[in-house]
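Two complexes are shown next, each including chain A; its partner changes from chain B in the first to chain C in the second.
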Partner chain A sequence: MKDGIRRGLSLILFATLFFLPIGFFKVNRVLNGSVFSLWELGYAWMLVLFALFSTFKIEFKWLRYLRTGFLIVLPSVLIYISQRYVITEIYDPNVARISLGPSIYLAIIGAWVLLSTETKGTLKITLSLLALLVLFGLGMFPMLGLYKEYINRQASFFLELQRHLSLAVSSLLFALIPGIYLGYQSTRHPRLREWIMGFVNGFQVAPTLSMLALLMIPLASLGQSFPFLRAWGVKGVGFLPAFIVLSLYALLPITSNTYTAFKQLDPSVMDSAKALGMSSKQVFSKVSFPLALPFIITGVRIAFIQNIGNTILAGLVGGGGMGSLIFLGLAQSATDLILLGSLPVVLMAMGFEVILEFTELRLKKKMGVLYDQA
Partner chain B sequence: MKKYLTLLSLIALLTLSACAPTIAEKAPVTVATMLDSEGSVLGKMIILALNAQDIETVDKINFGTPDILRAALENAEVDLVVDYTGSGQYYHPEDARDASIWNDPIEGYNFTAQLDREKKDIIWLTPSPANNTESIAVTRAFAEAEKIESMEDLAVYINAGKTFKLIASASFVENPMGLLGYEEAYGFKLTNDQIISLASGNTAEMLKALAEGTNDVNASLVYGTDGALDKLNLVVLEDPKHIPPVYLPAPVVRKAVLDVYPEIETILKPIFESLTLETLQSLNAKVAYDGEDATMVAGNYLKDNGFLD
Partner chain C sequence: MIKLSQIRKLYDTQEALCNVDLQIEDGECVVLIGPSGCGKSSLLKSINRMIDIDEGTITFFNEDIQSMPVEQLRRKIGYCIQGVGLFPHMNVKENIAILLRILKWKEADIERRVDELLIMSELPLSYKTKRPHELSGGEAQRVGVCRALATDPPVLLMDEPFGALDPMTREKIQIAFRDIAQKLHKTVVFVTHDIEEAILLGDRIALMNEGQIVQLSTPEALIQDQKENFTKNFIGQDYPLMVLKRYRVRDLKLEPVSNLAVTHGIDLDTNLKEALALCIKQTEPVIFKDGPNTYALLYSDIFSFIRGMQNETAY
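Showing the complex of A and B:
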């Protein structure tokens, strides 16, 4: 997107602060609250005026630095001042809470879109996000419903976060070798490819939830019949059914991308390697596999991002993870708890996407197989 | 080749370490409860009380829906749950004799406890006297405007053809001891578009819908121990004929675990006996509506009542 378009977009996004609700004031955890707008926050509208001006092109170097600093802290400042909403009725500050309204989310996106027009934009956006997270963790937003839910269950939040990551990572690792093997074999045996792809696609099409439910019964009976398996965690609920389902789901991106990776190799490269006297094993390990690796990593990246989202369902079968927070929030009708569960998943997915894409790019450059990519 | 072997073994090690077995002398007690605020509070109370007596526990509070919880208990996935005496009607349907035993707290409890002990090696411990039964609630404004105080008044209102919409769980709507029982006893019949039936039995969303008038709902299912009816300006309609079964919360434990830790019974008995309806209502309100930390609420209750130092 051209810079001009991005600046125009930011302008619109900042302008929504003027007419869309900036927050909801809730008297307690469950009931929906009353909306409030920017105009009820005293002089906060001046801040938005600055934000609007910041979308214009700035010539002076120092003004530009000021603008960058302003944009980086803008999200945190907006959330902070939304807590200043003055309520006229009597309320208990421990119980009443603020939920963020649509215009704050849009304005935060606006600030980040504007930051993306600057040099090292991704770094600055990350800084802005980090500032938000650090201030959140330090308790600078105590009136935020999201914070109140977080502080009430801090220990279990991090425990579930760790469980979520370990489930996503371990199921991915488990699917890695079979996925690569199947993908490679698909290139060697074209007839087998149909079967392998059909098999792997089947798991993508099957609804994850049904697979989880179907797995519960055989796993439970298996665990009951063989006690030593139970000690190893073979149960109908918990870690194992989620692990199995997630591994099967991760198979498709890995297999499919491995197939493409090996298929796109230039046969003349392999021929030259053979001509140099390499055995077929050496050709594979020193030539084919390293050349295919960047594209295999693409498949791993896709599988991992997919897994992070899918792991939410583990919460339904007692497997822990952010899903358990989301479903608890649904059951208790506490929207901030649902957010507390879903926001980390979104942030993790986005974060890993950036990291893994970066790794991929480095690897591709190193391998010297960087093709022109849009 | 060597590089790949080490990589392979590393991956294998990583995945195996994720499911490594834990060997302990006396296995800890896995405590699991349902998804509502009562499950949080009672579960935390049990864990705090057991831990104080040096019994190690595994925290699986808010484990899942009632059927998943029961399945987990029967399959020995979890060791101790909080269940309700009236649920016996679902667990042993083939043995259910006349339905009237469920309206007597002691008979219902004895029936379920005996069958579970004989058939499933599951022991029901001392219940709390709080009847967490299913009732219908309406907004205070509605009750005053239409002069409705009991189910009989409601039946008159419905039969007069006035607008009515009830939000409830599917199991209540289809239960002969639930909505169907109410309809038969008080002489009214709801049509399908007068009912919003939800899959889950969690009343938090139902009461929210009632309090905010979403979808023209003017009545909702409510449980006896639901907190903050005051805060939401809701009233419970009286049920002089006592239609729904009596649901007393009780700790339910696997016999195998109770044999290892027989003191669980004596630890939990006084705690559960002290939980009256009003007590549970206020504890639930603190967690569900005020958003207080369930561990704090449970801990404070135990300390204030001398169960914990």
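Showing the complex of A and C:
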């Protein structure tokens, strides 16, 4: 996207602060709140004017530095001042809370879009996001519904976060070796390939939820008929069914990417390796595997990001993870709890995507398979 | 000695080689030449078992290649593949040295060997750290040749190894390659499209068409003895002139003369085609110096040499 278009887009996004709701005031966590707007926050509209001006092209260097700083703190400041809504209703300060409205979310996106036009944009956006998280953790947003939910279940929040990650990672690791093996075998045996790909694709086509349901029945009966299995955790609910389904789901990206990784190897490179008199093991370890590795890693990355999202479903079968917060929130129609469960998932998925893609690019350059963009 | 008898190779139903008989003596260079798709590469690949033949036998120093462990066979054969096929994740040095590393050569020996090969192929030593994608087509080809020569195998299979070089470097490398192959007594099977290259390098030329060897002769014998119409058309009318490139003025065995002023800057290593071109340009003898001696070259010297050359017996 051109810089001009991005600046225009942020201008529009900032402008929504003027006419879309800034937030909702709620007397407790489930009742629908009353809407409030920018004009009910005292002089906050002046801040928005600044934001609008910052979308213009700036020539002076020191002014640009000023803008960068402003944009980095803008999301935090916007959320902070939304708490200054002057409340006239009768309420209990311990349960009353504020939820963020659409315009704040849009304006935060606006700030980040604008930051992306600057040099080292990704770094600056990350900084801005980190500032937000740190202030949140320090308790600077005490009125925020999200914060209240967080404080109420701080212990379980971190426990579920940890369970979420370990479930996503362990199921990925479990699928890693079989996925690579199946992908490699399908390059060597064209006939086997259709079977393998059909098998792996099958899981992908079946909806995750129905897979979970289908697994619950045999696992439950297994656990019931064999007490020692039950002692190991073989049950229709909990960690195991989620783990199995996630592993099966992770299989496809790994297998199909491994397959293409080996398939795309230059035949003349492979032939010259063989013709040198290298054994097939040497050809594999010195030539074909190193050259395929970056593409295999692409598959692992896709599987991992997909897993982080899919792990939410573990919450449905008592497998833990952020899903348990989200589904609890849904059951209680507590929107802030739903947010508390889903925002970390989105952040994790995006964070890992950026980190893994970066490593992958480095590796591809190193292997000389991506010299066009080098 | 490599001996191919009654080779046949089918790709599905398409016949790529049929009834091919060829015996390659130790230290000899046989050049395979022919139109595109005539089976040159297939013939080459059957020798190091990159493809397996359907009928016939191939013996490698009196041993059937089918009964040899394939890696052992391939390590005795340097092979330059038509598509070069350098390893993109390794630099030039690692590419050349890959087999040396597998064979656990000492690092100092590897370094020396790589330098030696790069110098031979007219590549700067600074190229050792370059990646294949940073090389031109001709440079990559030369690195491919270095890789094939690295372990000094007794047999070389070269599939159009100099195709992408400019004419100047090409001729330099061709001559360097020929001299090294002769000095080290290499047995070479060389594929090319270029009849001049075939003449320059080949002890014998195997003309191929549609999966068969149409004619197998020394470059000299081919001047008179063109068995088929195909041969005539393929080698062209100016073939006899090109054969002169194989020889140097030295081969005329001129006697030194005295008291003559030097007229030309050639020497005994100038090839006969060039020398003939000089003679055609003028009526006077060409007077030149080589070392302390002065020589006089006449058109008739070359002419009688050609006569004698054709009387040499073919294999």
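Criterion: the second predicted complex is superposed on the first by the 370 of 374 C-alpha atoms of A that agree within 3 Å, B and C clash if a C-alpha of one lies under 4 Å from a C-alpha of the other, contacts with A are read in each partner's own complex, and residues count from 1 in each chain.
Criterion: a contact is a pair of C-beta atoms (placed from the backbone, for glycine too) under 8 Å apart; a residue touches a chain by one contact, two chains touch by 3 or more.
Model, not experiment: these values are computed from the prediction.
Within the superposed three-chain model, A:K366 lies in touch with chain C and out of touch with chain B [touch as defined at top]. Once the two complexes are overlaid on the shared chain, A:A220 sits against chain B while remaining clear of chain C.
When the two complexes are overlaid on their common chain A, residue A:N28 makes contact with chain B while staying clear of chain C. More residues of chain A lie in touch with B than with the remaining chain of the pair chain B and chain C. In the superposed pair of complexes, A:S272 makes contact with chain C only, with no contact to chain B.
Once chain A of one complex is fitted onto chain A of the other, the partner contacts of A:P93 are absent, as it touches neither chain B nor chain C. Touch criterion met: A:L316 reaches chain B, while chain C stays clear of it.
Look at A:V287: by the touch rule set out above, it reaches chain C but stays clear of chain B.
Chain A meets chain C in the complex at residues 266-279, 282, 286-287, 290-291, 366-369, 371.
Across the complex, chain A is touched by residues 1, 4, 8, 11, 14-15, 18-19, 21, 32, 35-37, 59-60, 62-64, 68, 71-72, 75-77, 200, 202, 204-205, 207-208, 211-212, 228, 231-232, 288-294 of chain B. The residues of chain C lying in touch with chain A in their complex are 48, 50, 71-75, 77, 79, 81-90, 98-99, 102, 131-133, 144, 147.
Across the complex, chain B is touched by residues 28-32, 92, 94-95, 97, 145, 148-149, 151-153, 156, 166, 170, 173-174, 176-177, 220, 223-224, 230-233, 235-240, 243, 281, 285, 316-318, 324, 327-328, 331-334 of chain A.
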